[in-house]
């Protein structure tokens, strides 16, 4: 078996969380989630739709910028992806600023649709490919979108998984926190404990290794998925899959 | 009814200091040639509204000192990295931020489009976006069964000016925007709309049923100006690509105030050819 | 993703008794062939929603006993006079009326489209429309300055079914509606949408940027059926005209219950050719 | 001068109330208001827009059925026309039913946009071409749209004139009632008093006769206005102007 890249492990792991869904939407700057959605669609037997912001081939919207949010509000978006400059142990996401909001040490682009989609999309998958105490923090400096809400707040959606370059967490909705689900090949639980700024639950049994995609899956990833993702992310597709 | 047809400089001169100006993101149709004219005319205290986010045109306006307030879901140069003059302005406190989330901007513009004073929106509760927006309120869903159902109320957002670009317009002021219908929403919601177009075509766009279905009627358009390559250095969907080398060069220069001034002098202030168009 | 492609009868059979069915007015794209199938299948207790008004299709459904409730800004046959079976049903009290005003229906559908529980609307205060709509409320504008500013709150209107016709669709369920965008709003707002089209065309409508800008994407469409002349005896804009003689004949017959039954027997129940399509 | 028809007098009289406005909208079943709007536009020097429901030549809307109401809500519609099965002395309009709403003696199509446009369009011109005590009543049986509102109700718009086949009333906003403005040629004030079911004000001076259009105006009405209106109302244009 050829060398499997981290990107391919992530694409495969994310895609497993999408099987059986009807419509996956992918936002800006999300090549790995985009590829994961295309992989899940490839094995869905034509029962899954994928819409990718910025794509012409995979973007069916015809009613302006509002439609992607309206469609989520209607309950017609089953999964979405969010990243964050900071993510904390309560699954709060910060896309705005580090330090004081009015005099920040660092300022990022902004919250985009997070302050809405995180509430209404059933499976929001968080991804952050820098897993350090700087990014996975005890408490975010600015809440673009809160991980959990009081019972009286309308919230059909919310966080489902958090994937990083080191591991995969699942969300524990009862305890409103993350729980380690699997560790990527080459990484350890101790390393995760050390590199995570927030507390999280460990499973009772041993933590499994994140699955490596099998040959058939790799073939799909490196074939049609790589080709399709190169339309929107040519430099990513070139770097990871050698497509130009 | 014929539209008022102006030069780019004339068009920009109708946008007063202090205006609340709605602008589209880089991936839509941006009126960069008009933005350069605003900079040349040294506009001040503009309140930019990103529909729903902003890109290069906002970074340039901010760097040139034209902007007092930025109301947006994001300012992003996407693959080119952080917007340097925006970031510097936020850190120095020289602009007032009104952070939003994309659907809140669309919804608040729709309220203005409908002539209703506010619109409710789900989400946002518990976020620091909401905490910092003193102009938004949390109310109760009046149709909730028994228990409370808190929901955010957004006041109608009525820009003074929508400034957009489009592939084609006609002499009646009809402007084709295709699937970029947020530009239509902007025109419906704003008090005035100024448009630059790649080409003013012969005939009446509204007489072609296919074009009409995706065109802003002239009644919303205060003036139109022809601007070939008017989005440059940003591209237009279905038209030309972004000028990658130029944008990369911009981002490098704009890392410092001095570098940005160099860019201004080279590409905006001294762009006599453009100013004379 | 391929759309489910059905016959007209199959399509109609998926709309259960008691459904809240949104229908367009005669001047838009009406799925009359599917309406005849609903009548043949003796649907009962339908709740019709006019977007924003209703015409021949509603009069026929009401006359055939399929309808319990009519929610609309009007039922009109325009130059053909009053809608005879509608008028008779209102007078006899056999249907429940929910009178509205056009923009209230559009706004309430937009609330459903946006996933918000309600939307405010100006007007209506002091009217008997409002007085008779126990499902609407009067609240206060939360952004009013000092004194009260009463405004009507409309709950989101979410039809079970939007039933529409269109000139063309494709095998992916994409449906071109042109400027008749209230049909797009209906599809966005309704739980399910069923469409008949004059023609299912080759290829993918969304790959043509002009067509895409005025097309409902397949994600909203539960099933599509081909129906050549599917709006007959009503016409379609940009396509064929209304069958004037037939409509005149309908209105004459439908003045009485007996005459209407004759029409039913002649043109709907015994329309074997159509049923077998 | 050729015989001037009542329709031409009405078209001319209505058009005088539209001069100087930016956008006139005309609803369904309104051939005379439509012709009046086209006449006003013809002498506006290209400064007036007219949108006519059901027209293809004079209908610029591109955002679905909601746009005409949205545009009125935005303040971009200066005048509109309403009729009614009944109109009363408080300018209330009834487009719904005669008798008890739940068991009506007569049922009409419905309120259409009246319950909204009457509130937001500055100049709503009422027209009813059957001027009898049956149609101009003391009190309407159903208020599709009220003529006047309490002070706390948002109401930039409202009734401006009422034109019938016998006369023209103006609206007195202070006293919230109608005032006779002019009587059409061949009709008398006494006849108006007799045929009107509601009370109205009479001016202090003698009531003038409604102006008959001059030759130049007649030429425009019978020329370009007749041609344009025949697109939407062919049978009206044929009956009144002999156009086919």
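Some notes on this structure:
As written, the chains take the letters A, B, C and D, and residue 1 is the first residue of each chain.
Keep this in mind: a contact is a pair of C-beta atoms (placed from the backbone, for glycine too) under 8 Å apart; a residue touches a chain by one contact, two chains touch by 3 or more.
These numbers were taken from a predicted model, which means no experiment stands behind them.
Touching chain C and chain D at once are the following chains: B. We define each chain's centre as the mean of its Cα atoms; on that basis chain A and chain C are separated by 40 Å. Chain C has its Cα centroid 37 Å from the Cα centroid of chain B.
With each centre defined as the average position of its C-alpha atoms, the distance from chain A to chain D rounds to 59 Å.
The set of chain D residues touching two or more other chains comprises 61-63, 66, 69-70, 73, 120.
In chain C, the residues that reach two or more other chains under the touch definition are 107, 110, 114-116, 121-122, 149, 151, 179, 181, 184, 212-214. Taken pairwise by the contact criterion, the protein chains fit none of the simple patterns, being neither a path, a ring, a star nor fully connected. A complete list of chain pairs in contact reads A-B, A-C, B-C, B-D, C-D.
The residues of chain A lying in touch with chain B in their complex are 28-29, 54, 61-66, 69-70, 73, 95-97, 101-105, 107-120, 142-146, 149-150, 152-154, 235. Those residues of chain B whose C-beta lies close enough to touch chain A in the complex are 27-28, 51-53, 72-76, 78-79, 82-83, 86-87, 90-91, 93, 99-104, 106-107, 110, 121-130, 132, 147-151, 179-185.
Contact residues of chain D toward chain B in the complex are 23, 46-49, 60-63, 66-67, 69-76, 120.
Put simply, chain B touches chain C in their complex at residues 107, 110, 114-122, 137, 139, 141-144, 149, 151, 153, 155, 178-179, 181, 209-214, 238.
On the side of chain C, the complex with chain A involves touching residues 1-2, 112-116, 174, 184, 188, 206, 212-220.
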